[in-house]
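Letters A, B, C, D and E name the chains as they come in the text, with residue numbers starting at 1 for each one.
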Amino acid sequence: MTLSVTLSHAFPGFTLDAAFEAPAGITVLFGRSGSGKTTVANAVAGLLRPDAGRIALDDVVLSDSARGVWLPPHRRRLGYIFQEGRLFPHLTVRQNLTYGRRFAPRGQRSDRVGHVVEMLGIGPLLDRRPGALSGGEKQRVGIGRALLASPRLILADEPLAALDDARKAEVLPYFERLRDEVAVPILYVSHSVAEVARLATSVVVLEDGQVVRHGSVRDVLGDSSVTPLGAREAGALIEARVVAHAADGLTELRAGDISLFLPRIAHPPGSAVRLRIAAHDVTLSTVAPVGQSALNILPGHVTGIRPGDGPGAIVSLDTSAGTILARITRRSVATLGLDAGMPCHAIVKSVAIAPQDIGRQPGGPT
Amino acid sequence: AETVTVFAAASLKTALDEIVAMVEAETGTSVLVSYAGSSALARQIQLGAPADIFLSANTAWMDVLADEGLLEDGTRQDLLGNALVLIAHDPGAAPAKIGPAFDLATRLGGGRLAMALVEAVPAGIYGKAALECLGLWDGIAASVAQTDNARTALALVATGEAPYGIVYATDAAAEPRVTVVGTFPANSHPPIIYPVADLTTRDLPEETAFLDALRSPAARQIFEAQGFVLLDGPG
Amino acid sequence: MTGWLGPQEWQAVALSLRVALVAMLMTLPLAVLAAHALARWSFPGKLLVNGLVHLPLILPPVVTGYLLLLLFGTQGPLGRLLGELGIVFAFRWTGAALAAAVMAFPLMVRAIRLSIEAVDPKLEEAASTLGASRPWIFATVTLPLILPGLVAGAILGFAKAMGEFGATITFVSNIPGQTQTLPSAIYTFLQVPGGEGAALRLVAISVVVSMAALLLSEVIGRRVAGRVSGA
Amino acid sequence: MTGWLGPQEWQAVALSLRVALVAMLMTLPLAVLAAHALARWSFPGKLLVNGLVHLPLILPPVVTGYLLLLLFGTQGPLGRLLGELGIVFAFRWTGAALAAAVMAFPLMVRAIRLSIEAVDPKLEEAASTLGASRPWIFATVTLPLILPGLVAGAILGFAKAMGEFGATITFVSNIPGQTQTLPSAIYTFLQVPGGEGAALRLVAISVVVSMAALLLSEVIGRRVAGRVSGA
Amino acid sequence: MTLSVTLSHAFPGFTLDAAFEAPAGITVLFGRSGSGKTTVANAVAGLLRPDAGRIALDDVVLSDSARGVWLPPHRRRLGYIFQEGRLFPHLTVRQNLTYGRRFAPRGQRSDRVGHVVEMLGIGPLLDRRPGALSGGEKQRVGIGRALLASPRLILADEPLAALDDARKAEVLPYFERLRDEVAVPILYVSHSVAEVARLATSVVVLEDGQVVRHGSVRDVLGDSSVTPLGAREAGALIEARVVAHAADGLTELRAGDISLFLPRIAHPPGSAVRLRIAAHDVTLSTVAPVGQSALNILPGHVTGIRPGDGPGAIVSLDTSAGTILARITRRSVATLGLDAGMPCHAIVKSVAIAPQDIGRQPGGPT
């Protein structure tokens, strides 16, 4: 299923003019505060009637100003995780969670209540009312409520913003599973590159109400020439296959003909995974490194060097595992005498790859 | 000249307004009339209302004021008399002589008899007394619809909600939508009397002038045109 | 009248309670509808409806009663129509209830409307994204959230119905046991010299009953409000 | 009476307007205070105060008028006291305003109280952390947020005051130019046969005036609500 | 100024029992969702009357249940940035911002309105009402409102949660400046270790309503034995002095007798700065590394090796710049034959030190 969006809407002082397609999987809406992310989500949900535009989910037209089509929100069957919670104050947490259940077609009703409750850690809250929940607790209930409505499209507006890292790590896989198993398209508003890298199938970057970049996550994150996300956030996505889990807690992966070692990940041997290697975590060496602790050494040769505005430069390296980006200082580029075509080793510490940067490879088309 | 304030039973409005206009035109005295239920007016006078003259629709409240010494000695008079009539909504209702033999219950035929409150409002009190005196009350007591004043009873009959009603002759005369079936014998109920008196609040020559004007031939004409009878006796 | 209250007075008390309760309960749904329409919908003639709703508040009760008589009396156009359906107001306690309901209506609508306007539309939006249709949203989100206003409106309506007199006596007159409500009985006593004592006894009863209702509404209101704020 | 309305009727219209306006404006601050106390404070005797506030709604207006006469008449304890301060209600237009105010009071308090209960205490807390004292919070946060309720309360009060009759005529009688309000004038016309026409004209005026006020309140209410929701 | 807090309070199902001191500077309250952070802030603000406890700001007692002292919130003069915004809906953004001004003593009224507005990027919003602001815009106005009240204590409850990285980077220095220049104690609730490392003077870690760790930021973050923050978040704080800004955009620092190179930082030569070097960014080498891009090499010797639960181990290294923590795999520990006392080199990439991990050294006592 693909969500296609063409929108224009003007608020006094702000104009939104966006068109993009969100293929199956997770499309992250990325952009600064006030760039129009929530406005897009509201239009998709039918809470905002845009001045003009067309929104369709495959061939189900949700709205089309040209043809006067307008499906009311309750017939769009989507799950909206609101930026500001919007829990029903008069219902218990349990009643909030199951509010959308009865509207789902009988066959599609989610039987995952217990599962979602456990994943979100809200079991002890079930009989309380939202009024006295903590900020993060509210947000978790809001996530659960949307997920349990068995939606055919999920709108998630910064769903993890108020959550601590540990809780984030627990909730993220659930979105992955939704993406892969239920094949529900997810429009996901986020500020966090880690979340983008981990979850996104494609990325839409908004700036002042305009789409400034739009493409697959690999293109957007791996492209060193555009840094809508800031140079710090450049990085490469590597596709690999799990080979084995060693006894000392490391997992061996194979990407191309290179072996990579990571702290144990949950995926079984044979499964395809995706990892993001942030450019700033890669050290380059002109000689084969010896006597040092980093376990992952990827030989390759330099394909490009793009100096940045500051003291840094992004070096692209062609390896058998794919393109690797390394962000190093221009001073090092000079000292090492790096140049296109030169052979070079990328050194990556096992532990530098953060758990939330490792995800299952999305099943859908990218 | 001073302004004279008159407290008068509301049922006298039509006649009194004309007389006041006349007095004002003739003497230049200005007269203000406050119309309300006799009970409300009497209570207000008891509690210090700035009224100079009281015109009540019954004697009971005037008696109360007299007992409390609120009346100027020798000024109380029985000013007006009235009669009680049985009215019908149906213009073709046969006239009847109202006496012990009158079969009111059959006439009602299950409909309501509209009256003012029979325990509280003079028109109702007189009406109940008359029906009791004639031995008709017990037969129709359950059919009586009581209203807060005679005017509303008249309205019930005028609109046809109630086929019959008992009201003052003065009310019936002014309402074309009702037909007078008969008049209750004057001796079947206590005399219907509207007493008037000067109150002890102030002592102005204009008060006496106004009281006199109420008895002037012009006033008599006005009262009688409304169906009242001008009484002669002092109270 | 012997004893503290005669049988006729007790009748009036019972009747008043019945009239006020029925008036309040029958009006509540209509008041909610009117309040919702005025608060949230826009439709042609909205100002007119708003004016009509307030009319019984503006008009002297006697006039309202007179208009009711003209409309709902056995001879009135609506009265005739309803009469054929077997619904009769004239000279019945139902008429007293109608008069009380009409008089209480604007008060109820105002209270409920204020509550509806205080409900955050964002919550209703949230419900709609979860698949709830408008009526369902109303029943499961709006209605529970306006319960305090509903209770307030109900108690205002009940109190007003307990005290209503002018419109009632004009419309359905005063038939002991059928349309003689407490205020009519009180009025009766006040008309005759020396009736103050008896009137006072009835006033006391009226006050006690209404205060009990008021207390009940406060308790309910507090519980409802507590539930919503989640304490 | 010649012309559409006689001078006495115009007097009644002018007086009613004055009475309703004064009643509404004088009562508003007190109603806000009472509503705030009932909504937010807890104090001994709160239930009693709540009962007292509602009393004029529960009692038949005639009884309320009679009680006012007993209390605030020239012979009444409060009337005597205030009389020495030069404040006289008995048989003055001020008395009509007092009666209207008393009758309108419960309606205003309810509307305002509902609005106060709908204000999120978290906003008031936020103001307190910024250094605002209780009265200041009330003036700068609570009061602006309850403006819709205030407007609703005011219009209810005004409408009630325009329509009030029973308590007024019982308390201050029906003296043209001094205490004869529109409803009293309407009542007197209805007491005599043939007065319906004149009564109807006055009813029409009453309705027009009140509807104008209603319209104004809707406009103000909408503007206020729009400001708060930030559109 | 020091804030001392002793608190106990029971909600049904949750008991808070916390005591800590927050010295001048920024004290970060750290803990999972629902651990009691907001409850503590509310008690300090006077919005919650705890069952028992004493809260004092130096010798000004804000509340003391034993002595029946209770200063109402408006007399506490603090600036509370709420987790849920709480903007006044009927006031414009400008009026919201200046709401607290008039209550500040005349001499202490902030004249920084223009400055704060500019820093928060809310200039174009000044005449709007909060109702239609975006999530991040609301949060920024909330921050401005609290700062402009000229408070003598700031309570910041996840103030940056809804902000994008770029905006965060703009707002963070402002908190630093408040910490250092105005000497206002700041109680700062956060989920982000980066924020903790950058800002904190001391850290209080809450778990289920109990203080499980409390100390200076260096102790809490640098202690490899406790990982309340997760092993990933271990790291050392290094104090250094700015030596020079080189033409190629790098800044040279000196820590002990070691030169460190970082991408240009804003602090002038001579100033003392603090940097956090995350343990997972440190590579160890038993030989002096050659031919590679990392510019920072810190020789030292191993003082301890603490194996973790998983495949990792944390190696402490004594260097002339101070203690450095390195998180490497146990496999590398074995391969390299690391042991206490062994000489070893820590390798750190210049660019691996994130800008938000570099802060001015707090002026106050730590």
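Of note:
Note that a residue touches a chain if its C-beta (ideal position, glycine included) is under 8 Å from a C-beta of that chain, and two chains touch if they have at least 3 such contacts.
As the structure is a prediction and not an experimental result, all values here were calculated from the model.
Shared contact partners of subunit B and subunit D, listed by label: C.
Set against the Cα centre of subunit D, the chain with the most distant centre is A. With centres set at the average Cα position, the gap from subunit A to subunit B is 91 Å.
Separating the centre of subunit B from that of subunit C, both taken as means of CA atoms, is a distance of 35 Å.
Mean C-alpha positions place subunit A and subunit C at a centre distance of 57 Å. Spacing of subunit A relative to subunit E, judged by their CA centroids, is 26 angstrom. Of all residues in subunit C, those that touch two or more other chains are 66, 166, 187, 190.
Residue positions of subunit B touching 2 or more other chains: there are none.
The set of subunit A residues touching two or more other chains comprises 84, 128, 132.
Contacts between chains, counted with the stated touch criterion, involve the pairs A-C, A-E, B-C, B-D, C-D, D-E. If you check the complex, the residues on subunit D that touch subunit B are 62, 65-66, 69-70, 73-76, 90-91, 169-170, 173-180, 184, 187-195. Taken in their complex, subunit B has these residues touching subunit C: 37, 39, 42, 60-61, 63-64, 112, 114, 117, 119-121, 144-148, 152-153, 155-156, 159-161.
Against subunit C, the residues of subunit A that register as touching in their complex are 45-47, 72-80, 82, 84, 86, 88-91, 99-100, 103-104, 128-133, 145-146, 149, 155.
For subunit D in complex with subunit C, the residues that touch the partner chain are 47, 50-51, 54-55, 57-63, 66, 106-107, 110-111, 113-115, 117-118, 148-149, 152, 156, 159-160, 162-163, 165-166, 183, 186-187, 190, 199, 203, 206-207, 210-211, 214-215, 218, 225.
Contacts from subunit D toward subunit E in the complex involve residues 122-123, 125-134, 137, 140-141, 144-145, 227-231.
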